[in-house]
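Chain naming follows the written order as A, B, C and D, and within any one chain the residues start at number 1.
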Amino acid sequence: MLDKLHEACGVFGIFGHAEASKMAYLGLYSLQHRGQESAGIASADGTRVRLVRRMGHVADIFDEATLEELPGHLAIGHTRYSTAGESKLTNAQPILIDCVHGQIAICHNGNIVNANEIRERLVRAGSIFQSNSDTEVVLHLYARSQAANFVDAIVESVTQLTGAFSLALLTAGHLIAVRDPHGFRPLALGRLGDAWVVCSETCALDLIGATYVREVEPGEVIVIGQDGLRSIKPFPPLPLSHCIFEHVYFARPDSEVFGESVNEVRTELGRRLARETAVPADVIVPIPDSGVCAATGYAEETGTPLRFGLIRNHYVGRTFIEPAQAIRHFGVKVKLNPVKSILAGQRVVLIDDSIVRGTTSRKIV
Amino acid sequence: MLDKLHEACGVFGIFGHAEASKMAYLGLYSLQHRGQESAGIASADGTRVRLVRRMGHVADIFDEATLEELPGHLAIGHTRYSTAGESKLTNAQPILIDCVHGQIAICHNGNIVNANEIRERLVRAGSIFQSNSDTEVVLHLYARSQAANFVDAIVESVTQLTGAFSLALLTAGHLIAVRDPHGFRPLALGRLGDAWVVCSETCALDLIGATYVREVEPGEVIVIGQDGLRSIKPFPPLPLSHCIFEHVYFARPDSEVFGESVNEVRTELGRRLARETAVPADVIVPIPDSGVCAATGYAEETGTPLRFGLIRNHYVGRTFIEPAQAIRHFGVKVKLNPVKSILAGQRVVLIDDSIVRGTTSRKIV
Amino acid sequence: MLDKLHEACGVFGIFGHAEASKMAYLGLYSLQHRGQESAGIASADGTRVRLVRRMGHVADIFDEATLEELPGHLAIGHTRYSTAGESKLTNAQPILIDCVHGQIAICHNGNIVNANEIRERLVRAGSIFQSNSDTEVVLHLYARSQAANFVDAIVESVTQLTGAFSLALLTAGHLIAVRDPHGFRPLALGRLGDAWVVCSETCALDLIGATYVREVEPGEVIVIGQDGLRSIKPFPPLPLSHCIFEHVYFARPDSEVFGESVNEVRTELGRRLARETAVPADVIVPIPDSGVCAATGYAEETGTPLRFGLIRNHYVGRTFIEPAQAIRHFGVKVKLNPVKSILAGQRVVLIDDSIVRGTTSRKIV
Amino acid sequence: MLDKLHEACGVFGIFGHAEASKMAYLGLYSLQHRGQESAGIASADGTRVRLVRRMGHVADIFDEATLEELPGHLAIGHTRYSTAGESKLTNAQPILIDCVHGQIAICHNGNIVNANEIRERLVRAGSIFQSNSDTEVVLHLYARSQAANFVDAIVESVTQLTGAFSLALLTAGHLIAVRDPHGFRPLALGRLGDAWVVCSETCALDLIGATYVREVEPGEVIVIGQDGLRSIKPFPPLPLSHCIFEHVYFARPDSEVFGESVNEVRTELGRRLARETAVPADVIVPIPDSGVCAATGYAEETGTPLRFGLIRNHYVGRTFIEPAQAIRHFGVKVKLNPVKSILAGQRVVLIDDSIVRGTTSRKIV
């Protein structure tokens, strides 16, 4: 029932900047590759939290007028990954509620595995859920917490969760970042003048001119307010467990993820692939865009020329109309077209970053 | 006054296919890089011409329902290039009119240099223009022609034009392709089973599974109907004059343009650049996406490694909101981000396909 | 904080009709005069409750496609009255939630005076409210009820309320009607073949061809399901207290309200006004549309001719743009225009149904 | 082919007012009953003519922002009557063109009976028509006129027309009013301070505080510019021929039309009906709203009480969804509901203003 496949969402947060929602907008734009279904920003000015979230791309959702509805010096933002059948606005993030502890907004990248169990317990006790997002359980735990202050209420809530969660939370006056004790999903901490920034990938820091400080550590809760940054470690230590798809598929090559350059990791994987499996070839061709780094490493290691023998159409929309009289390999052709002068009569090694079931790869070949 | 800068528009036409408007849709999708401002399709069924045109991308404009409004076995389509200040629906194409010769729709890639002069003459004689597109003069010449049949009326009209024009025209029962005698802009002829296709670039043939036959020749008028294809050469011979920007900037590398592979031309230009100007370097970095072919040629010729040290954000929208507190080189940063691990401490040769004024290149450097 | 001024909303419910949502649509259309801000319908098919609600008029919100999204044999609907500053979709009704007792939707006409008090108590216990409607407290009481079945849970919830409430509730398989023990707001029960209907005014019964059975009694809870209609009287008896504005202003003259014909009540009020206050006059002029019944009674009683000396523009929109160079009595002129040939040189008695502050009446005079 | 049934459109024009487009908006609002399909305003500032026209009601089309796009001291406006199958934006008015005489916009109430014939002649000569409105021929005649100035060109154009035409035309600096020599349709002239106003009915003068001067005379062309008002009579005299539907159906009772009060004409028709056809009755009931004046006259003449025994729902939309299980007399019931306490057991005389085929009247009875 819960909506489980948003592992690749993008999360951003900023505290202490005069144009916090504009910075969030730029950050989300850099994280657009982590989710194109919906996006949203919540901002606060010390008194009140405001929210805008819609279906679609960051550049289409936000304009000057929309960002003016989001004043204040702190903000969080989210880009959501599209999964079939669950594409609706109530599942978009941030989710904003008002409760006994005041207003709070949340952005989540990951998958809370005990969400169903917690939800059932809360519903039996009279809670009303508004979405089928696993993220909403965090807010209901928070609303029911009898803790003396909002920080204790957050700690009480997140320590009940198991699974993957890199969270950015926003109250009227505080930005809170949380990363699960396994460190499944990335979350970086940066600095922009006096402002603090958290984000899924460091490419979001580059665009706004912020500097990378460190990762939010696995199991760490960071609370940022007018009185500065405070780090809490409320989780018992657990073995680290980074998601391999971050490095081979989700992240941008210009990002640092889990403390390493994505480009270097991918290029080195290409080199290793060459060392383990090299075959004689005339030309190495990447499947754009994700296979480029690995193909570069493979070509370098084998000394074979790298050529862009497949051209990707970057204007592909969400859905595509196929003729009744079917075109062979239509789904692949819509995205990729071969450059005949590069491929014709050559022995070609095609390099991609990852294979899931191999059916698409077979068609491309 | 006239709207002059649509040199890079995409033109498509098909005759004799049961799903003509769907093929036009796919063709336009392949030609989306030649214009993202507006797009449109006109189709005909032997009796009546119908039109849909809107602002925006092909994938957003057309869905199943829209294409069902466009029945028939012949169709033409157009993608229009965005130019500041002239972005309005009445300038979108195809333009469809009804006149004494019946309905006719037109798609145009190029720039008619004597359009102002013809327009002024026609207005003095009582013609009412609906747009400020230079293309509209062709239709008014046609509507006023006293020629005995529509083919003669088209020939009479287009032979009065000077400048660049690759045209696709559609009547209730015929598809007509016209290319100016200089051959400024490309126009290819293809075959898909029994159907005939014309298009600005051959990548549109690849997607629909059509085969490339030949170029529409400079100065040629091709008329396609139930009785087959007929070629007319009504223009006096003029020196050929292909636009250099087609090969270095406009066209997709997987297309054939002016009878040559765009990829090969660009790669060879990179090789020549290396032979003429090579400097010692540790790494060759293309400015994506247009510089990739030339960088490949340059790297090969010099034996220096090719690395993707600049990552392009493919989600950039039409407009972008800049913070009040300006970010240095914001316009470039929004599109491109450096991969530090590739560039740091290296001697880098940056390769682009073309330089207009060099101001952007300076910022990228 | 709560949104208090929806006394004049329209409520409709139907159980046991093959086209339940279409009947609700027609019912709401008849009750459109009770609220033009927003409207909505929730329907159920024994298994699942579905909801459509939007800002605007019934005729603009619902079309064939929208009603097809609302299948099933039972439905409730609501038209909401517009009050300044509170016009937003989250306050539109029906409100639909899912909770431990399953899905439930609610429509409310009235004003719950202890809503703030109940809400504060529930928030302290961890409930998360989604709107600032007083109606939402009913749902939270229901979700937290530990009663053995949904009927007991409803009774437990509504008996905690004080104030005015005529409610229609919908679960997957039952329609429930509730009227507060004072009977502040009307709620009628009708029959259409085998189907049961509840509605704010009997004009909704007329349009769908249903017959009037009786009022839902003050303090009565009616539960209608496959096993028939069941009446519960869980409230202690309280003095009746009908709202006078129903007869003089809110209701349509062709409705029966509180068991009496609205037209007869208003006409009789006009007659009494004549008996109490008649002055010599040449012509009696009603302020359309609400003053027509009373003016008819007044004219009859005094034997003075009734003439329509003020014409109302029925196309007045929600907002109206006034010129910078102000027009005298603009707000009145926009709605009403005098017929000079009726009024000029005559002694005129103007009749309206009610006066609130008299400022508009002064301008009309 | 031509779109013939817009006899009931509303026309408005103003010259010499600082808020010309706002006055046109108010005028159109008063004339909304003459056409609810589409509306538009063209304004001019001495240099340039601008146009906004859309489908729908005046109050929905225009807001502050839209009216700011229409600056200048002169304006014309139009409300168009809805006729099945022809409801499209290109037939909306004003129609604005640019031609050898400069920009001109036109609004038309009436029906040009030789439009087809003129259109065919112009198309043979090379004119391109954009709509299937008969009004467009006036513009093509004007664009082709070789007259020395725009006034002569207008006179040359309108004197070629036969049929019904009350026109308002707008150039960059002049307002022109034209009425056909038969005087089929009304057109009134008014004064607002120094400004001149023309409009279909005088109720438009009342709202903006203008005074009624006289009718634009049958066969008169009025040209209003900075140099004042000039009257031309270019048509040969023809017998007057007012459309009877103006007084009995189209116009508002608070208007003067053809120099007479609509209310007085209708009331007198009711009196005459009583004198010619009176039958014994207990109550006289008007069919609202158009039958009210006649019923008042009839009731007065016969001395029988007038009662509002049918209530009209003023929220009826353009289309209405009927249940599959048909409701008897649904089309009538949607608009009208009987007041049982008035009608039950009484001898009723029902009064309407006009009968076309009598099928609806039969259902109402």
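Just so we're on the same page, a residue touches a chain if its C-beta (ideal position, glycine included) is under 8 Å from a C-beta of that chain, and two chains touch if they have at least 3 such contacts.
The structure presented is a predicted model; accordingly, all values stated were derived computationally and were not measured.
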Could you name all chains that are in contact with chain C and with chain D at the same time? none
How big is the gap, in whole Å, between where the Cα atoms of chain B centre and where those of chain C centre? 59
Provide the C-alpha centroid distance between chain A and chain B, rounded to the nearest whole angstrom. 36
What's the distance between the Cα centroids of chain B and chain D, rounded to whole Å? 47
How do the chains pair up in terms of touching? List each pair. A-B, A-C, B-D, C-D
Chain B residues touching chain D in their complex are 97-100, 123-130, 139-140, 143-145
Give the list of chain B residues in touch with chain A in this complex. 18-19, 22-23, 25-26, 29-30, 32-33, 36, 57-60, 62-64, 67, 203, 206-209, 252-254, 261, 263-264, 289, 292-293, 296, 300, 305-308, 311, 313-321, 323-325, 327-328, 333-334, 337-342
